[in-house]
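Read from first to last, the chains carry the letters A, B, C, D, E and F; within each, the first residue is number 1.
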Amino acid sequence: MSVLTPLIRQQLESASVATITTTLYKRGLRNQLVQGVQPVGGGGRRRMIGPAFTLRYMPAREDLNGLEVFRDREHPQRKAVETCPAGHVLVMDSRKDARAASAGGILLTRLQQRGVAGVVTDGGFRDAAEIAGLDMPAYHQRPAPPTNLTLHQAIDLNVPVGCGDAPVFPGDIVFGDEDGVVIIPAHLVAECAHEAAEMTVFEDFVLERVQAGQGIFGLYPPTDDATLPAFEQWRKACGR
Amino acid sequence: MSVLTPLIRQQLESASVATITTTLYKRGLRNQLVQGVQPVGGGGRRRMIGPAFTLRYMPAREDLNGLEVFRDREHPQRKAVETCPAGHVLVMDSRKDARAASAGGILLTRLQQRGVAGVVTDGGFRDAAEIAGLDMPAYHQRPAPPTNLTLHQAIDLNVPVGCGDAPVFPGDIVFGDEDGVVIIPAHLVAECAHEAAEMTVFEDFVLERVQAGQGIFGLYPPTDDATLPAFEQWRKACGR
Amino acid sequence: MSVLTPLIRQQLESASVATITTTLYKRGLRNQLVQGVQPVGGGGRRRMIGPAFTLRYMPAREDLNGLEVFRDREHPQRKAVETCPAGHVLVMDSRKDARAASAGGILLTRLQQRGVAGVVTDGGFRDAAEIAGLDMPAYHQRPAPPTNLTLHQAIDLNVPVGCGDAPVFPGDIVFGDEDGVVIIPAHLVAECAHEAAEMTVFEDFVLERVQAGQGIFGLYPPTDDATLPAFEQWRKACGR
Amino acid sequence: MSVLTPLIRQQLESASVATITTTLYKRGLRNQLVQGVQPVGGGGRRRMIGPAFTLRYMPAREDLNGLEVFRDREHPQRKAVETCPAGHVLVMDSRKDARAASAGGILLTRLQQRGVAGVVTDGGFRDAAEIAGLDMPAYHQRPAPPTNLTLHQAIDLNVPVGCGDAPVFPGDIVFGDEDGVVIIPAHLVAECAHEAAEMTVFEDFVLERVQAGQGIFGLYPPTDDATLPAFEQWRKACGR
Amino acid sequence: MSVLTPLIRQQLESASVATITTTLYKRGLRNQLVQGVQPVGGGGRRRMIGPAFTLRYMPAREDLNGLEVFRDREHPQRKAVETCPAGHVLVMDSRKDARAASAGGILLTRLQQRGVAGVVTDGGFRDAAEIAGLDMPAYHQRPAPPTNLTLHQAIDLNVPVGCGDAPVFPGDIVFGDEDGVVIIPAHLVAECAHEAAEMTVFEDFVLERVQAGQGIFGLYPPTDDATLPAFEQWRKACGR
Amino acid sequence: MSVLTPLIRQQLESASVATITTTLYKRGLRNQLVQGVQPVGGGGRRRMIGPAFTLRYMPAREDLNGLEVFRDREHPQRKAVETCPAGHVLVMDSRKDARAASAGGILLTRLQQRGVAGVVTDGGFRDAAEIAGLDMPAYHQRPAPPTNLTLHQAIDLNVPVGCGDAPVFPGDIVFGDEDGVVIIPAHLVAECAHEAAEMTVFEDFVLERVQAGQGIFGLYPPTDDATLPAFEQWRKACGR
């Protein structure tokens, strides 16, 4: 978890998923957004930041998925809940299928208690109202009440997976806000976080100007000669 | 409506759609969730419980669906609104098509006035904001402003139908909460409601323990010898 | 913008998207609803009314969509933001693809500053939480954080387009409420707005009666001889 | 079956599904095509013409769909096979779900033996290669090997249904060729068949002219003064 | 590969994918069909039978998927082609995405040369016409010309995967015919193949009777007392 | 049409759509395939090569799309048929909607007569069997019998469009084979055609070796020192 220095974390917290996707776009990465997920119960909570710890589901075969499988401490879903490191984000590859749950309220509460930084599935969670009430951020497609055994068999822990059509490698940085969730390759997080934080300062300046009535030509992007000096002055003035 | 005794109703109210799907799963029923529906206007209202009274739509043929059809008191949609028994849930098979409405604010207000317990369509409702303000729960896919005549012709009352890929027989028990809506076959509701209520008591115990820091291994499911005795003691202590 | 007289605007504000779709249905127009869009951040703001000013996107070719394209004041997206007339609604044809943004918070803030009446895309917006906080209404499919360059190339301004499978001609009247957005052909807006306003008065009467316990037969539609006289009396009484 | 006179049948055989959809379009019917179906095993067989006899499927509930249900002579699927009248087309409403079969080779062979004119499902058939070898035309979405019991419960015979989003009433005329299948309302078949046959004669003339090098302006549609007289002369010459 | 005795292989060759799905259905397995795949280039080749050897794809990250990756002999796609055992079927989990290829003509030719029994992907193959000309059966969704690197990164060999929503464990028996592909759990193949072969003999008898004009009631299923004795006599007569 | 020299044309004819997508991939272009289209009536005809001439459809508004619109020689669909230059490929943006036709047999016959090199729509054609019999190649999603007026209004000629999610600029080179259709930006066609032709020679060598039993390691790609010299020798021997 060392790639996530306090500085990087602070930079991400000041930035947004939208801004980060732009920094990735500039590096040729166009598919890092987890498509189709939203905060459980709507927006409004703090950002989700942490290295990915993954759980891979495959389609469930009926004879292998009786309720008794949960008695096995090696069952990958349950093991994921007890072994995902604190500060990490548990990323579930549910093959974009929200017809059955990826997990529910008790397991997510346990994850929160263990200090996990958040959870994202490209399927859905059951007990969505309960999960919406947790402090830990969670993202899914839509509520999915049926037990995961109905359609999903947990099969692998912490292998590279897909989530909402994005590639996710264990240790990649998972970053979520009200817009959704993006996967930042571990080796790029320092430069992307820095760049996104800088972009955010500039965009805050732009927004203030736009709110004051200025047009975007010359301002955004700053093609007018006067724009960048004005920005530097503004930046100094507000100490950012 | 006799299958819905006060006891069963109380058990369902204490339980959840998620828990009920698990009791059905244990009985080999995996497809009883109405896939893809949500409370109109978001969550937050009381649970929906009642026997199913169904309305079947077929694709509309233009020459049979002028606005004048509503003048006919035998028009199945209007008849459904005036004949769905109090305490029942009106279930509309809209072939999962939300491009036109299944019904709107006036009809749902009338259903509420008549004492109907709720309404669910696998299409959408028009006047969604108005419907969200009713006391009667309603579930749909998404708002659908165009009149139902645009795409849906009401054709049958109280026949077996599909709703969100779930089989629905008249008299099945329809149960909805924030997670969605499940169809409980009438002959199973007593045993499923009882079992779900018991599961809920146990899961409340588990949740309390998890919130207190206990791990799920041995606790959920209760494979540790100490778990069930502790649960019984807790149960006695809180009088459930 | 002359078709939108104060009277028409007032009639639309009293009516709803649902009611307008019915007036269009009576004139043989069944596909004027922008399918699949919702208010950014949920409902609750004032209605959106204005003539359409359109922006057409095509699929992005990678070599033509570096970030530097925004430096060009002729870039159609940026030009749309600075030239969409005040009081108009900017309608974006994003080919129903919400995997990348149609626009973001700064551009929508600028549109608001310029007096634009609203924005609708059949794709998605980035910075959705920020946009939800604007006074200007905006409609999309879902949040879409990646920059539009990822998938969308802005190519045309103010040509006829499709939006959510609805045909949109520049100057058509775009009308949005909590249910969604409908496109009213310019030459029909006067008669449809009038008719919808009248329907709304009658439906308000019907709703009051239904809330008072009356059934819909004979009332809605008013096939009982007594209904229309009662309505006229009610109407006079409440001065509408 | 009296609506299908030998003359109408001959007219339909000379025309095409495409032409018939145009005659329906002129009468305001835009949704009569069974969307998404194709001849089993590809094209190449004779046209399918006959009145609709319908079978309605609903989603299967597991406890009601053991293999033993086929022992019941009242099972609607089996009863459909033995009671669909000779000369009729069996139309199956499979809710557009081809994940399990609507029927298979033995049942379709029996239908052929009974003189049934064809079969269409908006799901799929199992034993597709065997069915492709029958003389009786059959249309489906794609091959679907699993038994219908997996997902489909036959529930109603000869009620109005939807098939591929088209409305189908018992007795409507079902017409199929290589392009697909269209549903002609019974009361319109005489005029549509006549009109389509006439259109076909004219289009054969047009095609001959186009193959000879003439352009379509003035010819198709016949806006040149010379076109219709030339057509009449050609028609007389080839005795049609 | 020992589970596939010559007897079992012969039984499967006499049976069909449809029949096997019924034997699995009787054992509670409803999801073993690889949904949405068809023989490359259409039907007409011999059946595909062999134990599964799997290849798992994840979404491609652009910086990890330059063309040079194929120079690495450990690249899982290339390694799969050289290590899938003779007689096995290579099953590719392409997350149902046919926008880019799972493999192409050269690799499939190599697999054929190595004695591999067949290939199935839930995505698509490039060089489809070339692959259709091989003796080795291959199944996919549709042709997919772009190189797999565009969207798919090969990541794992011979782990449990999903293919067309079916669960596939290495060593499961993969069986394909003109209808599609089914996955038979290894421990069930002996009993399912035997049962399917027996069903096929009976269905051949039934088909002969139906072709001779007999109805299905009492015959299929054999509820008439005379049916099974007649079948036994027929069976003896034709020596099966 | 000068970019398509006889050499380039010959190179494309020797290569394949798959190979061209690889040359584009190397140049950073990943979305040039027209997704979801196939040759009308299946494969087997000569390759389609020509510069793009485009037709843009928007959703049809009913009051603007009576059959009489075709009497207007300025109607864009009809004008496209008479003005698409010989040797060009007519590319239709039908918004991926095959519920109604993009065009039919007479218009495609006229295009063939006029020397047009081919036609592609991301919707469907009516009269598919007739079109399959033409010499001119045509590609679509699936047969679509209803007249285009049902859903599509032709609105623009020869503007940049999307087709099957690919960007198409007038003058881009459209290249189709049995696998599908790819759009080659005009300025890249010379280098891509050359490179693809060279790749094809090498892949023919590889295929011959693989058919002779050689493995792909070291051969494809040619990482063994001996491979390229062997290739050069083979190439000389067969005079390519």
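Rule of thumb we're sticking to: a contact is a pair of C-beta atoms (placed from the backbone, for glycine too) under 8 Å apart; a residue touches a chain by one contact, two chains touch by 3 or more.
Values in this document were obtained by computation on a predicted structure and should not be read as measured data.
Trainee: Can you list every chain that touches subunit A and also touches subunit D?
Mentor: B, E
Trainee: Examine where the copies subunit A and subunit B touch and state whether the two sides share over half of their residue numbers (same) or under half (different).
Mentor: Mostly different residues form this interface, as fewer than half of the numbers used are common to both chains.
Trainee: If I compare contact pairs by residue number, which of C-F, A-C or B-D overlaps with A-B on over half of them?
Mentor: More than half of its contact pairs match A-B, so it is A-C.
Trainee: Based only on mean CA positions, could you tell me how far subunit A sits from subunit E in angstrom?
Mentor: Using C-alpha averages as centres, the distance is 37 Å.
Trainee: What is the distance in Å between the mean C-alpha positions of subunit B and subunit E?
Mentor: It comes to 39 Å between the two C-alpha centres.
Trainee: So how far apart, in whole Å, are subunit D and subunit F when each is placed at the average of its C-alpha atoms?
Mentor: Inter-chain centre distance comes to 32 Å.
Trainee: Quick check on subunit E: which residues sit in contact with 2+ other chains?
Mentor: Subunit E, residues with two or more chain partners: 28, 30, 42.
Trainee: What graph shape do the protein chains here make by touch: line, ring, star, complete or other?
Mentor: Its topology fits none of the listed shapes; call it other.
Trainee: Going by the touch rule stated at the top, which chains touch which?
Mentor: A-B, A-C, A-E, B-C, B-D, C-F, D-E, D-F, E-F
Trainee: If you look only at subunit D, which of its residues touch subunit F in the complex?
Mentor: 16-18, 21-22, 25-26, 30, 33, 35-36, 38, 42-43, 177-180, 182, 203, 206-207, 210-211, 213, 215-217, 220-221, 223
Trainee: What does subunit C use to touch subunit F in their complex?
Mentor: The touching residues are 27-32, 58-64, 95, 153, 155-156, 159-162, 165-167, 169, 185.
Trainee: Using the touch rule from the top, collect the residues of subunit E that touch subunit F in their complex.
Mentor: The touching residues are 41-42, 67, 70-71, 73, 78, 81-82, 99, 101, 104-107, 109-110, 113, 126-129, 142-147, 149-150.
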